[in-house]
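I am attaching a structure below and will ask some questions about it afterwards.
In this document, chain identifiers A, B and C correspond to the written order of the chains, with residue numbering beginning at 1 in each.
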Amino acid sequence: MAPEGLFLPGEEVIMASVKVEKLEKVYPNGFKALHGIDLQIADGEFMVVVGPSGCAKSTLLRLIAGLEEVTSGTITIGDRVVNDLDPKDRRIAMVFQNYALYPHMTAYENMAFALKLAKLPRAEIDARVREAAAKLEIEGLLDRKPKDMSGGQRQRVAVGRAIVRKPDVFLFDEPLSNLDAKLRVSMRARLVQLHRELKAGGQRAAMVYVTHDQVEAMTMGDRITVMKDGRIMQTDTPMALYERPANKFVAGFIGSPAMNIHRAGLKRIGDQVVVAVSGQEWALAPAQAARVLASWPADGEEVWFGIRPDSIDLAGPGGEQAGLCGEISLVERTGGEAYCYFRVNGDEYVARLEGSRAGQLQPGDVGQFRVKVDEGHVFSGAGGTNISLPAV
Amino acid sequence: MRAAGLARMLAVLLVGAGLLLAGGCQPAVEEGTPDNPYRIVWYTIGTPQKDLKLVEARLNEYLREKIGAELDIRMIDWANYREKMNVVLISGENYDLCFTASWSNPYEQNAMRGAFYPLNDLLDRYGQGIKEALDPRFIEGAKINGQLYAIPANKEIGQQVVYRINYDLMTKLGFSLSDFRPLAGPDSLRSLAPYFQKIREQYPGYTPYAIFGNMNYLMGDMDFILANSGLPGAVRIEQGNYKVFNQYEDREFQEYFRLYREFYEKGYIAPDAAQIRDDQSIIVSGRWGADYAGYQPYADNIWSAAMNMKIVSFPEFRPIVTKNSVMGSMMAISINSRRPDIVMKFLNLLNTDPYVRNTIQYGIEGIHYQKIAANRIEFLPGHANYEMPGFSLGNLFITYLVPGDPDDKWERFREWNDSAVSSQILGFHFDHTPVTAELAAVTSVMNQYGPGLFTGQSDPGVALPKLNQELKKAGLDRLLAEQQRQLDEWVKNRRQ
Amino acid sequence: MSVRATGGWRLRKNTAFLLMVLPGFIWLVLLKYLPMGGIVLAFKNFHFARGGFWQSLWESSWCGLQNFEFLFASQNAWIITRNTILYNLVFIVTGTILALAIAVALSELLNRRLAKLYQTCLFFPYFLSWVVVGYLLLGFLSFDKGAVNGMLGQFGWQPVQWYDQPGVWPYILSFINLWKNAGYNAVIYLAAIMGIDRQYYEAAEIDGAGKWQQTIYVTLPHLYKLIIVMVLLAVGRIFSADFGLFYQVPLNSGALYPTTDVIDTYVFRSLMYTGDIGMTTAAGLYQSVVGFILIMLVNKVIKKYDRESAMF
């Protein structure tokens, strides 16, 4: 996918803070981790890089940080190509998964360390550390050593250590994955808030945040880059990714529960396009049909049809809409809503229902479901490209 | 290191104790008969031999009938014997017989500590043959306070230092044995100087006098209270003068050090001699002029054969019988032996019965050797699997002659033994327990100064006064006084 | 539930673990605790008796502290004690520093195969016997055939009788000790370094720490506890010297005793004639007791400053 333009909602055009061009990484053992990555991150942008493990998202981060050598391509931070710069000279800061705090130093010393190495005046160091500590509400921890702190506290110190350096770019490498679920949710919000505060305070720091957790990605990122096997699948805002996944992979990766994607056949009947899936035949909406017709798959009619759980609902009393009928295997009730799993002709589906509508549904019942076909996506059978997307 | 040694020792001991408990019940049948022979566990020194069990079995057939005994011979290699026997002794293992000498599994120290069975009565009852076979001075010399604790091997009884000459080199340089002065003490050594000088001039790569850090303490007309340890305490050989003195203050003794120093400075002695212990590579290379050794009749032949070059020798002093020389090879019965009587019967056989004695040394006729005359044998190829150190196995005088031995070998031994003069303190054994601390300190001092003096590396003008001063500080006076006291008592008791 | 039932349940639950501990436990009791009974030897005038070791021990007469006298009787007592402690202190300090340096250097090597090769080379001397080391050294220091004197000769300098120069031996022995043991200790530290999460180094790198600072601020703090344990163990042996190093390497050269004689060599040499087991035991006991006291003291000091790093 071509990178999106650098227009952020409600902001003027700004310079790219991080620009990655044709970046390749080949390890000495011959393994090619990155296959020519292009990515631009704007000043002050919160970019989340997400993907399953092994997709080389961390490698990308480490290359930006300078912890690993670039095989080919360029990395630009600000206006400088940093390929050959030491990490300390790249004006970046990084927060690690295990926080990597120096065990023998207090929180204060940990935060001050980089500044001390950079030979900043003592007063300046003190001011910066105290400012960051106030921001993170860890003033009370400054004299403690890492072993005397909880995971969440260490995490905040690690973030504080990054903040005090006032870098152009913050790099986060799965910083929340060592925390328990509840803490993770609150830290998530806190980081987003922090980002906002930093920007408000005049720092236009970009953030590159690597995670495997799509919920984190969706909730935190200004934009998200989805990666797979060393390639970028799509880069866009969270809602755009959700509503307009560029391909089957992104469609399946983003969103929880995942999109229902099943093998499907395509039939052209005049201007109409009919998709045959799970034994049902549904006509696509005219606009959708036109787009599918425009990029009719070369390899025949075998495609994938994807429909989000949100787009499936219990059928009302009128029965004329496209529908599915299947035996319910499981109903997960979370209070406000319920996930209803059912099976149609061997294909598993999940529907997201409002809690009240799930009503008395029980496993074993046969449910009648209504499908909003116009919210569905058609992916080509071979490449998995979304052929039902409106051209941008 | 010591802690580990102790642990090892005690482990052995624990296992041993366990076995003892397990097998401690008394046998119902009488032991020591051909049907129920008594098993003699015998530790002896030397490289373990492949055919040992074979020979042992053959010998046991004979011994079962003869004395109702069987042998269980356990050989321990030369270098390990001293330490391993220490473990065996201290753990109280139930062995019967062991090799002991002044130089390994030390006889005096162990006997005085009660490790060995007292033999006077047993010798009278079962060892008449030994008494007849051995030169009586062996037994007198080995007795400690009148009690015998081990049977010495009948061999050369005296000790005599001789200078060994590399014959080919000597003749090449125009010397003959008659150019050197025999039996003249320090002057004998000095008489080698012109020869050494010639070597130095004509063969600069050679070592004229090939001596090393292993020291020669046997010098001068004196005998030493602490045998050949080099520790201070000496008495004149025969004067009726029982005055104990420190040999390192003796003028004649000091004369040797001056000579060594002179030789060292002239380059006759290897510059590293004090650090090198017994460097056989120099000897084997033939690039040496002379050294010294302890003599026995026909030793020149043995040396020549062993070094593969012609060796001649001349004595520094006449042969002297000292307690050290009678303690060169002995066999002791363990204090823990259950049947010392049977063991003594075996020792009697070993020293008198040519079949037993020669089988243990040379193996089985037809396998390891063949007889070519009444008392002369030739080795068969099997000999390689059974090469025992003969001197450690009892009476040598009844052993067969081997190729290279002259017919009159044992006669010459007897003659030489008869010619040897006894030290006047033969049979006096010093009990060091009252002065252990002093002895330890003195030993340490001697270790420090000895090798340097005995190789000429140290200047005696400096080192000797220093040595004597250090010895005094280490408690030499108390050590000598105790030696004198015990010696006086021994002399008094002997007169009675 | 009665206490006994609980105990039984525990026993059943932990059977597998107890079985795993058993061999070590037996070994400890058999080879470390039972022989302690032999400590009595240090206070006895050992005399053999019919009936084995314990019988002999039982029948031997008590002699108080007489067996310890020889350790203090000689005017050398001060010298050997000083030598032993000083050498050990030097060995502990230099050994730890060098082993750490080697370990850090090896861990920084990018080529793992080359690192393994270096490691093996450094490890190798540890397996040489001291006798061999002694003669190897003679090859360098021999008066007439040694490589060192050969080199001096090339520069027109007089050859030196090295085995007659007590002054240089503290350096030689310290060097030899390092050469032989540093590689072995380095492997222990290297294993610990390999266990440090790489993220610490990366964090330090981003903070602007160079290799040296990474060593100071990441490696050493992570090895801190291990170093303390190793040093504590060494302190426990501070009164015992490596016999082979001090006996075989100087070739037992008397002229060198002032700087090479340590407690172990002194005991060995002074008991050469008597071979008295009581005195040997006394010497060993003396070393162990002093070592024990020192280890307790040092541990206490460590505890005072850093509770968690103390060994017990």
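We take it that contacts are C-beta pairs under 8 Å (C-beta built on N, C-alpha and C of every residue); 3 or more make two chains touch, one makes a residue touch a chain.
Keep in mind the model is a prediction, meaning the values are calculated, not measured.
Chain-level centrality, scored on Cα centres against the all-protein Cα centre, points to C. Counting C-beta pairs in contact across B-C and across A-C shows that the higher total falls to B-C.
Mean C-alpha position of chain A lies 91 Å from that of chain B. We define each chain's centre as the mean of its Cα atoms; on that basis chain B and chain C are separated by 37 Å. In terms of their C-alpha centroids, the spacing between chain A and chain C amounts to 57 Å.
Residue positions of chain C touching 2 or more other chains: there are none. Touching chain B in their complex are the following residues of chain C: 30-32, 34-35, 37-38, 45-56, 66-67, 69-70, 73-76, 138, 142-145, 161, 163-164, 243, 251-255, 257, 261, 264, 266-267, 269-277, 279-281, 283-284, 288.
Interface residues of chain A facing chain C in the complex, by the touch rule stated above, are 62, 65-67, 86-88, 92-94, 96-98, 100-105, 113-114, 117-118, 161.
Interface residues of chain C facing chain A in the complex, by the touch rule stated above, are 197, 199-200, 202-209, 213, 217-218, 221-222, 224.
Against chain C, the residues of chain B that register as touching in their complex are 1-3, 5-7, 9-11, 13-14, 16-17, 20, 86, 89-94, 106, 109-110, 113-115, 213, 226, 229, 231, 270-272, 274-276, 335-336, 432-433, 436-441, 443-445, 447-452, 457-458, 470, 473-475.
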